[in-house]
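Each structure below appears as structure tokens.
In what comes next, subunit A is part of two complexes: it sits with subunit B in the first one and with subunit C in the second one.
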Partner chain A sequence: MTTPDPMAEIRASFFVECEELLEALQDALAHLAEAAAEGGAADPETINVAFRAVHSIKGGAGAFGLTALVAFAHGYESAMDALRAGRLTLTRDGAALFFRAADLLADHVRLARDGVAEAPAAAANLLDELGALCSGDGPAEAADEGDFVPLALPFDFDAAGAEGEATAEGEAEDEADLQAKADPPAGWLVRLRPGPGFYASGNEVVHLLRALAALGPADIVCERRDLPDLADLDPEAPCLGWRIALAGDVAEGELRGLFDFVEDRADIEVAPAAADEAEADEAEADEAEAEPPPAPLEPAPAPASVAAPAPPPAEAAPSLAPDTPAPGTAPAPPLPAQGIAPAILPTPASAPAAGGVEAGATVRVDVDRIDRLVNLVGELVINQAMLAQSVAEAGLPANSAVATGLEAFMMLTRDIQDSVMTIRAQPVKPLFQRMARIVREAAASVGKQVRLRCEGEATEVDKTVIERLADPLTHMIRNAVDHGLEPPTARRAAGKPEEGTITLSARHRAGRVVIVVADDGGGIDRARVRAKALERGLIAPDAVLTEAEIDNLLFLPGFSTADKVSALSGRGVGMDVVRRAIQALGGRISIASDRGRGTRFSISLPLTLAVLDGMVVRAAGETLVVPLSAIVETAALAPGSVSPLGPGMGVIRNRGSFVPLVDLGAELGFRPPLDDAAGRIVLMTAQEDGSRAALIVDEIVEQRQVVIKGLQSGYGRCRGIAAATILGDGRIALILDPGGLMPQPGQRLPSGAAPFPPVPPPPEFHPEPRPAHAG
Partner chain B sequence: MTLTVLAVDDSRTIRDMLRLALTEVGIEVHLAEDGVDGLERLAELEPDAIISDINMPRLDGFGFIEAVRLQDRHRATPILVLTTESAPELKARARAAGATGWIVKPFDPPKLVQALRMVTG
Partner chain C sequence: MTDNRIADSTDLELLSFRLGGEDYSLDIMSVREIRGWTRATPLPQAPPYMRGVINLRGTVLPVIDLAARLGMDPVEGAARNAVVVAQSGPRCVGLLVDAVSDILALPRAELQPPPALAAANHGFVQAIALVEGRMLRVLDLDAILPPAPAEAA
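Our next item is the complex of A and B:
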């Protein structure tokens, strides 16, 4: 494994983390908005989660010098902080603003990821709005905005650390530093007198002294004037002071920087050596009799007596007590009364045993690697099928060792495949969150109040499916906001709450995932749909259409019920485009509507695009694969069970209802229609919308897993054909799309001619690639 | 002697950067994701110093530092606070909780190392 640039890797992982944080932010905001809408109090921890998400994005962005992102995140964080501190109470409008800010933050992150330095256009305005929101509730906030100047520090390990000294802390030091540089003094006299809390905060004089000594030749004297009698001594209270004469050319800023951490825990005086000489002499004279000659402290290597790592204060004294050779180096409070214990040094013996590996619950893997694995497993499945075929052709008995071994191999292959698929599976939650944004933006642009309810966000679907679902789902959500929901006045007139609700749900069902977009709007105005279809020549004037058939007219290319062309959905709505996109994923879409109560679109998708369980059948000499998930049952047609409806068309009675009969061989153009279907085998298939069909086949060969190989890039989309696969004998078989073989109301009725037009039927055939619908 | 450091931060990016910055100069780094995790890691470690973020879920930096200081063997373990703000009141709060010093985020690796070496000797 090569890791070319660790920083590039961290950067990439930062953006992954950002996505997670943005997701957490969305969640938290959704909760907060809910609370705001209901007039309840916001949960402090939820606010904290939102705050931390923004805060962490800001922190990471700072490390990479993403100034636009840092600036925006900071402004947002300030607003969040006002919320957290209770200076701001979230109203409905406030929540909307926070949502917009979150969306914009996501834009910032994506721009930054793509290397764009500028902020999105709306950033400044939104920050102003946030500032106004906060200042409206608490005047202190606005002033806070300006004081954070994002620092773009180079993350460069070769850079000298000393330069960074002044950047982070304090302007005072800066000035002092400059002054010092202009006029370097000959040396410094430093006095250090630890005060209460100095040791309790984990600071240690000896370290400071050593750092001082590292700056230049240091003359260190311990001041023991305030040392109390042993009986009065508080073993943990500091009672020593030090005086350090530092020779050499040292900048004051650098010198003071050493005391950054202790400046309010100790009395610290720093003065140029010359100016302070008299005083120093005086002090020296003061202690001359009590003091052995000061021992100069060697910068390096450190004297043995201070080599021990910082011991806790209570123990420090005993450890050094037996022989304190150089008073200047004595780091600790003086000998405590009870401290007669032998020298105790911290024992780090147990430390290495703990191990240094971070116990991570997850591993991040490049998607390309997974894709490769998926492809390899696909090949493995094909290979295994070929092997099985060879074994069968070799005429080995079913109970031979080879056959049983092969069976075990098949099961293993299947397990591997399932496991690999779960790696690619992802919850639909991020997708749903993107839709939440679409809803907000769409609602704002058409002036409607819309609430999005999400269900089954944890449902996992193949990553590719999720990615390719985004566009069609966006269309559908916009449609729902724009056309599905009535304007507020109409809703009020209908006795509904002004706020419309769109429900987005996902769930697993029979090896597929079903995604539903439902609105509580006015439902489909079928009279208008019909009139529109007539007007556009999509149906014959005398066509008799069921409600479901009228609803399905919406999927015809170019159909639009919106009288006004709105900026949002544009012309033509594009449900035909949506349907095509869903079909390209091996999925199907159906529609259900209840006048006055809403419309419901259901999308049914395969869990994965890589393999499927299929029934291998033969029709007119061709080998075909029917997805197992579509098959309800199989049957042999008894004579007289078929009720003819017209030339080449009939229905059969099945479990109390009539099911249209589809002659597969004829439908796909392999041969002319059969005269008599009696005795034939049929596969009963069912769709999500409950529609069923009986497919006539010549033979059922076997049930097996097949690897899906796309056809569309080479051949365009053919009705009734989903993809192809490679069988065990190396031959190619078409995978059927039973939903596409269903009789289509919008197609057969207007023409009045053959109910099952030859493949490919004109309205459905679109050579790919087709320009994406602009929405 | 190799320094052993426990670094606590809820941001994976910052953890990654800390790990990179410190291992680069031969410091042994142990990472934790929040205060609670930090205390758990601490139970099995004898770090020479601790680095802690302030804003964290479950147990924030202040709480974490206070809890560390309550442990006898860590009464004087140096603790550096990583913070995006250099607001004095934040420093004072961290100090009151028992922090030894602080590092401003985004941190400058040499400066962080320097500060670590300084507080650990």
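Our next item is the complex of A and C:
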């Protein structure tokens, strides 16, 4: 609290945690909604997860004085609590409301992070709605709102503060000891012993005690047996325990529920009172011997440093001293004789089990650091390639020490690279969850019922790819809701359920990740698309277009500026922008539509933007790298195996289908087309959509891993070139994008090939062609 | 912008180089380094002035043939040619020139705006000056760089 930095850090990590909690919340809600839709009962554990997420956000927000966030989270939590307690059954509309509340909670968190104090506009309304949903428990809940005003937590770790904190905390805890000692009637005996990390995680015993006291008459005794001498005291380690005898008829579940958030940070025993009475008395006697209870202290006034004074917790905790100040804020009382001086050094004795508790198995690392690591590893790979080349040039035998050492080095480099890459990889789940929100909002604004099905959320993709995918995906999802799905009446007329389904899926395929956005709407009305394109002058009136070519008209820039084609056939609003964004990521987008059954957009993206396995080839004197993932096989062309198909165009037969032949050197403009392809080496490439092509190259040099270096933007995008890399000799080689090399139907009208027949990747090897090098 | 620069009274430091037997120059503040010519990897379907890309300590640097860009015969691409590495904002580019000649400081007052007729020049020349009886053209780097494509949203 004295230095701003630690606080800022804690604050930042709070917001990171919020992201995770919001994700968990979304997840839980999705499950609940699923259960509600199917009419089944909600899984209590799922409700708990959702509840805990909201509660933790509220708790953390309270610690940072984010009042707007606390207020909203509190209202939300109340509704959630009603759900948990079974007072509320989640209906479909209720689930929708909960989702909206979760979205709004995310907005709150974002605003709070950006330092905006006020609440998003819709907050109050939504809270009312939530209140109405679970009306009946509103007033009771409102009472303990005071619990969550900002608390000054003992985060102050500097030396001068520590002594004061420690003693102040001790004092505050003593107050719990001063509770009126009514005769303990039969009930529950609860032992609470905060473990390491209890206070540091923002928990507070006073709240627990108050909550306990609210359940019934409670006799609270502080156990100070383990309290070390002041000299040995670790100011940050909890060393007090509490024994609470709770009278009255309280369900064990309710009792344990209070400790939901602390059970992993404290030892908690709950037992029927009678069984433990003897032991308890003994313990009390023990304590009395050890130290006479201190004289009651006047409640200390909260010092000015507290952001807001803790208000009296009035009705919440009748058996507690009304003015209990928040621990850590009370000035240190004068202490008896024993020296205070060396109180700072933590001693093992006072921090039992401190070493035993791991801070979890994950570490949060700044993305910049990872990026630097990735870059360095990239350089390492280039360097290693250069080294390998010079060793080869020096003519050292393959079994020499240098060569074997280099081999090991190469494997190590590869391992490092793989590991670094996995650090950057992240599941697409958060992205998909954002899309779920887009679906909800878009559906609400156009008055359609839409369900989003997500598949393959665990698919991992490079962080950069995920980040840059959000915008185009948002656009596509909105399009799907707005134009893809028909209005409910039309759906009913078509014999479909009124609720439209949008499927968002991700999976790995051919070393890339394929993301599909599919709807079960009306599909593309090709006649209208064509008419619109004609009207806009995008195609010639007599152009003969295949269905795929018509579909691809949607990606034309001119098309996007069109006013909505119609609710039925729409699509194409800004699809050119989507396509550009996907291409900028080294990806491709394709479209497939079935009239009356829906439309599918498939995006294929590279897994990472940093390295790739490639085959180094030469064509027309230039060195090029072809991504290995795109190569199915390599072959030498036998004379007569090429069937001409129009000028400058040929196909070869491969596995029962015709594959168009592409002369790489000519296609890239490096040399005029070859007269005779016989005897040439071809690389058979296959795309995610099944299209294939045979690329003529002059020579296959080697297979190696290359570091992708982006071509600077601003020099135009070269068709067929994905990026560049630096070879061992320091020269730059271009990385080919075989899919981009193909003529795109609708984009470049038939000077080249017709769309390739979709052929599934061959299952096994053909005897005739020569095998690829490996892998 | 051009006018402001010229109106400034302080000296302008320029890196001068030769292209097709004439003298050209660039504001030295935009020049990062000068390298000898190495063969560039050509880019397919690139405009003729785009010589390709070279490896500049691990980054891919596009190289523009400045002579071709200004509508003259392309630079030969021999060992004596030089690549001037220049930076404009985030963009970095290599400019292939015949030879680098000198670094000179000129009072801004001596710079004249190019005559209006030179509009055919695409605004590549930002100013001209007389230095030892020879005409020195000061190039506008931003005009030389190919236009950036519209940002993909």
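In this section, the second predicted complex is superposed on the first by the 505 of 775 C-alpha atoms of A that agree within 3 Å, B and C clash if a C-alpha of one lies under 4 Å from a C-alpha of the other, contacts with A are read in each partner's own complex, and residues count from 1 in each chain.
The definition used in the following text is that a contact is a pair of C-beta atoms (placed from the backbone, for glycine too) under 8 Å apart; a residue touches a chain by one contact, two chains touch by 3 or more.
Computed from a prediction, not measured in an experiment: that's the story for all the values here.
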item	value
Touched partner set for A:Gly202, first subunit B, second subunit C, both or neither	first
First (subunit B), second (subunit C), both or neither touched by A:Ile10	first
First, second, both or neither for A:Leu215, with subunit B first and subunit C second	neither
Greater subunit A contact set [subunit C / subunit B]	B
First (subunit B), second (subunit C), both or neither touched by A:Leu130	neither
Touched partner set for A:Ala584, first subunit B, second subunit C, both or neither	second
Touched partner set for A:Ala33, first subunit B, second subunit C, both or neither	neither
Contacts of A:Ala480 with subunit B and subunit C, given as first, second, both or neither	neither
Partner chain in contact with A:Glu622 - subunit B first, subunit C second, else both or neither	second
Touching partner for A:Val450 - first (subunit B), second (subunit C), both, neither	neither
Footprint overlap on subunit A, comparing subunit B with subunit C	none
Partner subunit B, residues of subunit A touching it in the complex	6-7, 9-10, 13-14, 17, 48-49, 51-52, 55-56, 58-60, 62-63, 148, 151, 153-157, 159-161, 164-165, 167-169, 197, 199-204, 206-208, 210-211, 258, 260-261, 264-265, 302, 306, 309-314, 346-348, 350-351, 354, 356, 358
Contact footprint of subunit A on subunit B as seen in their complex	1, 4, 10-14, 16-17, 20-21, 24-25, 28-31, 44-48, 55-57, 69, 72-73, 75-79, 84-86, 92, 95, 98-111, 113-115, 118-121
Touching residues on subunit A, where the partner in the complex is subunit C	378-379, 382, 471, 574, 577, 580-581, 583-584, 622-623, 667-670, 709-721, 724, 726, 730-734
Sites on subunit C touched by subunit A in the complex	39-47, 50, 52-55, 58-62, 91-92, 145-149, 152-153
